[in-house]
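Once you've had a glance at the structure underneath, I'll fire off some questions.
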Amino acid sequence: MAGNSYGNLFKLTTFGESHGEALGGSIDGCPPGIALDFEAIQMEMERRKPGQSSIVTQRKEADEVQFLSGIFEGKTTGTPIGFIIPNTNQKSDDYAHIKDSYRPSHADYVYEKKYGIRDYRGGGRSSARETACRVVAGAIAKQVIANVKINAFVSSVGEIFIDKPYQDLDFSKIESNPVRCPDEATASKMEDYIKEIKKQGDTVGGTITCVIQNVPIGLGEPVFNKLHAELGKAMLSINAVKGFEFGSGFCGAKMRGSEHNDLYNADGTTKTNLSGGIQGGISNGMDIYFRIAFKPVATLIQKQEALTTSGEIIESQGKGRHDPCVVPRAVPIVEAMAALVLADFYLLNKIYQ
Amino acid sequence: MAGNSYGNLFKLTTFGESHGEALGGSIDGCPPGIALDFEAIQMEMERRKPGQSSIVTQRKEADEVQFLSGIFEGKTTGTPIGFIIPNTNQKSDDYAHIKDSYRPSHADYVYEKKYGIRDYRGGGRSSARETACRVVAGAIAKQVIANVKINAFVSSVGEIFIDKPYQDLDFSKIESNPVRCPDEATASKMEDYIKEIKKQGDTVGGTITCVIQNVPIGLGEPVFNKLHAELGKAMLSINAVKGFEFGSGFCGAKMRGSEHNDLYNADGTTKTNLSGGIQGGISNGMDIYFRIAFKPVATLIQKQEALTTSGEIIESQGKGRHDPCVVPRAVPIVEAMAALVLADFYLLNKIYQ
Amino acid sequence: MAGNSYGNLFKLTTFGESHGEALGGSIDGCPPGIALDFEAIQMEMERRKPGQSSIVTQRKEADEVQFLSGIFEGKTTGTPIGFIIPNTNQKSDDYAHIKDSYRPSHADYVYEKKYGIRDYRGGGRSSARETACRVVAGAIAKQVIANVKINAFVSSVGEIFIDKPYQDLDFSKIESNPVRCPDEATASKMEDYIKEIKKQGDTVGGTITCVIQNVPIGLGEPVFNKLHAELGKAMLSINAVKGFEFGSGFCGAKMRGSEHNDLYNADGTTKTNLSGGIQGGISNGMDIYFRIAFKPVATLIQKQEALTTSGEIIESQGKGRHDPCVVPRAVPIVEAMAALVLADFYLLNKIYQ
Amino acid sequence: MAGNSYGNLFKLTTFGESHGEALGGSIDGCPPGIALDFEAIQMEMERRKPGQSSIVTQRKEADEVQFLSGIFEGKTTGTPIGFIIPNTNQKSDDYAHIKDSYRPSHADYVYEKKYGIRDYRGGGRSSARETACRVVAGAIAKQVIANVKINAFVSSVGEIFIDKPYQDLDFSKIESNPVRCPDEATASKMEDYIKEIKKQGDTVGGTITCVIQNVPIGLGEPVFNKLHAELGKAMLSINAVKGFEFGSGFCGAKMRGSEHNDLYNADGTTKTNLSGGIQGGISNGMDIYFRIAFKPVATLIQKQEALTTSGEIIESQGKGRHDPCVVPRAVPIVEAMAALVLADFYLLNKIYQ
């Protein structure tokens, strides 16, 4: 209820604040007998962690996951996989200046109003550091649905965007640049722009597109738990996300039915795919694709107004090491959440077989 | 798990196909002692039902809700509120022509693949008729959170859209026209356009904007069950929805942090509200607003290709009485789902008090 | 949360008071493609309903279930099975005398304290009439786990009990007498005793034993959702139940490990079965058996003290048509709940296959 | 679903095997602002841990809980409380002899059949060591419902039992002897008997009685989630439990209604309390009391037959340091589970206020 679990049959439960001793969690319901690829898990952690390049925050965090249970001789046993990620580089003094104030567009204010108490160190539970646990679980979920291919990438930064359909992109290029944009010319422009923004102590938003291929037909439950509704919830639960659209998305709202309907081929595939691989909440075997909007990071290395706990407006300035643009580091998080959603529906679907 | 329930503390569970004997469901967790306004409930049903005007389907459905339990002497008792909505006007023969074929961009194909069986009469469970139950529960949820004001309206149809911020609109005008668009000039253009589309046997998409006012601070659970993530899921679970954005939405992804941050007033309100009333997944007391994209209805009164169950492509044409544009009738459904989400978080929040 | 649903993958949600218009509910997650045996369902309803014999209440209730959804051409479709059971014979005036008083050992008092309001007609939601919905769902659950054999029977009434192990009983005799006791000599004594008790306007308790055979190995989840823990909860949720024991039960607490351990045969079966077919919360393929204690019915056709809502002690006497002993009619309810538990775990176990 | 969580609003999720690196878990939904008494938590851990006296196992386990999140400056923050309990004294070689065999009345066999894989070291997840996490959470739950008094004690060992109603016992004596029996004369007999049993390399069962006082009226949800049904499930989920009865329990099944009904006093309390403090699944403010049966520990320090994984019957003998009687150490576990159940319903009840 309190919202620190995701999924039903493949269920992730997490805990941890940015500046406590450790983050961690458990994965309940992972099928037994899977020989885990631990390198693949750690590689996803590396993709998310700070300090990878000059365009992301220079904080150093080891982000090493320690598995504590549920694995025996390298294989999952069917019992819960417990894990922790120690916080090794928390500098709480960086945050002393925010103890008595609420930063604009952060969660400080609402946490204090909701709970009557707040761990003011670096955002506490509302810090995006929490997503490290999602990446661990997502990396395992990917191994549960091994045939499914999930590729997320940065499709826009500010006003700069990839002007091609995803079919024309080479996903193997995603990791070839620090922006995680598979179109190299666009990536280069984005990188320059982020550096410029960073120099100004400002931040910028962007979008991520995610393409999921090789999905079996039949995933998703109609009515309230439609596949795209769960994907939407999963994506909207990621820090800084403001919007989600799949298939034709907001453009589809401008179209006519005669343009929008996806006509069938004789084999049940469709000639077009404005549906985005989902009909009535159930996967139809075509590519699933969706786009997610991220707002600009709220912490600026500029002066801006803040509200004190005693009700005064003061000037404040972000310290520490923050991301000028969050989307490059959010790519593995998007993939992780997609994998969690799919693994859950994949297991549920076994009941119909 | 199978996805026919929504909510936790205020939980709606539904059943029913478009052409069975009745739809129905139950609401579990409604607080006791509420003197229900039954007229208000029936009024919401009237807003959703077909045949209200010349721009929506001319099917006649009584859509009368019968309450079977949970209410004693006009008041809720704390026990589950069971209800049914009889199907009085199902013409199953209208659908005989789709028994052996899969209509493009409908759920026929995936239901048959998922379940190995399909109630082919009018979409069965995937019919938007299912949303009648949501409207019943939403109308009760509105009474649980009586101080909260929820107003949804049609903000665009095809390329025609309201070119004003919601603050400049008079919500009391929403019901003054069949499109449910509070801007009368725009409403009139939309109405003409829908009639034109209908004449062609075609359909068109649109968007709905929803504004929620007077929300207490503190609703929503951080991390996975963020308030906007649940709103997003709720909206994406409505038939034909392709996208959801709140606050600055997709536009926010193009902005800089220095433009996007909502600076505080001394009383904790904010000068701007690009956040859309939610910070870190928790309501901050400002207006919550979001926008939802609906694709064009898939059933056309034109010839188009369909796939037969034996794998042939045939020509097919929708019969019956279908909506040329779904958004006017979707307005009360959007409000109902918003009310369900808010009532659930509202009850949960009592635990912190 | 409010407790009107049972199960996860095979989930029953119910509503309805004893003297409202109807009881009803829905079953979510029933696998598709099952050709339902409706006679078998109605037969279970007949076993539970009042008025079957001279030793149970003479109330007449039709108890006819009407299915509203989830079934097409006689087969389950995978969508929720909605149903209602109209209340045809509610005599609310029978209960006018309890409007202003709390009957001893009934739920009147706690309902009013918990909810601040109470439907005083015949117990409202706390009436055992609610179990009619469980029987509907249980009868369908039995068809989901068609190979599993569930037999419940009355093993004691007051001090009269069957003095044989269940292995020596002929379950085909259960329905041969109104007590539902398969040992005819004991059944006859029980029947006489219940008639004697009834004549006195008194009531008496009893126990039911349930034996489940042909259970696949592997049902049940270790730790919190052990198979016997769920069976225990399911049984304790039946009206009037005061205790649950399985396998060696309370006798096992007096034994030594060297007596109690079930030694293996080479094929994995065990020589004894004090474990009751469950090890570590997981079925081991041996017979599951358990015993349930029912208190005597609280409504007496004798004068006894009651508390008025204004705090006075008065003399009161039950009217209407009540059971002198509830266990004969509880037999199908026990079987229904056992079937619900097993069907849920059976579906969950498919994930491991 | 996979059963490693307990509760809804106050939800414990656990992980960990007896011989892995650590046990642990998280508590989601603990109300914010509670100044935790850490000594009280550790004291409960001490009560459960092995090696406390000569009548329990001599294994040494530090059982020190490390909190990783959800607590700031000594107070709960409303975010999940993550914790681990490192396994410091696991001697895996003690268990090498069971790698290729299934011990009678253990969970070895069913784990391997269910999951196709098994962590054979000391029972893995099925070890009672898992209950250490329950004790951590229960100790915190006790602080959430600080006014409620929960006292469990050993009421019988083998054939030796306390022959007094609980009202005649002095609960402050429970911790005065290693058996945790508040009646000193009986405690002394029990202790001698357990020592005798231990000398023989045998084990013995017993019962625990639990009394809960000062419970507010109104806890528990009628129908499926009755207060006693949840208590029963919670108790039956503890390792080695075979039965649960509350109030009059199995004795109540022999009684007449005229004896069993609890007549009211004018203040709403009852003259007798055969109901055990619960009516219709809802607490009525009287003492809640129940009794739980534990089977004898399955591991004997005697030769007995076991089944090998290749299907042979061999002679085997338990090694290591095992409990001759589990009930003294189970007392804090029973209290912990009772506290978890009550805290969950206590929070849920706030919704009605």
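We call the chains A, B, C and D, going by the order they appear; numbering starts again at 1 in every chain.
Note that in this section contacts are C-beta pairs under 8 Å (C-beta built on N, C-alpha and C of every residue); 3 or more make two chains touch, one makes a residue touch a chain.
Remember, it's a predicted structure, so these values are computed and weren't measured experimentally.
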Looking at the contacts, which chains touch subunit A and subunit D alike? B, C
Same residues or different residues where subunit A meets subunit C? The copies count as same if more than half of the interface numbers are shared. same
How big is the rotation relating subunit A to subunit B when the fit is done on Cα atoms? Please round to the nearest 5 degrees. 180
Name the chain pair with more contacting C-beta pairs, choosing from B-C and C-D. C-D
Chain centre separation in whole Å, for subunit D relative to subunit C (CA means): 27
If you average the CA atoms of subunit A and of subunit C, how many Å lie between those two points? 47
Chain centre separation in whole Å, for subunit C relative to subunit B (CA means): 39
For subunit A, residues that touch 2 or more chains besides their own: 1-5, 8-9, 14, 29, 32, 78-79, 114-116, 125, 222, 352
Which residues of subunit B touch subunit D in their complex? 1, 8-9, 29, 31-32, 78-79, 222, 347, 350-353
Of all residues in subunit C, which touch subunit B in the complex? 1-5, 8-9, 11, 13-17, 20-26, 28-29, 32-33, 66-70, 72, 75-82, 84, 114-119, 124-125
Mind listing the subunit A positions that touch subunit B in their complex? 1-6, 8-9, 14, 102, 104-107, 109-111, 113-116, 125-126, 130, 156, 158-159, 197, 202-207, 217-218, 221-226, 228-230, 232-234, 236-237, 239, 242-250, 252-268, 270, 274-276, 279-284, 293-300, 302, 304-307, 311-313, 348-349, 352
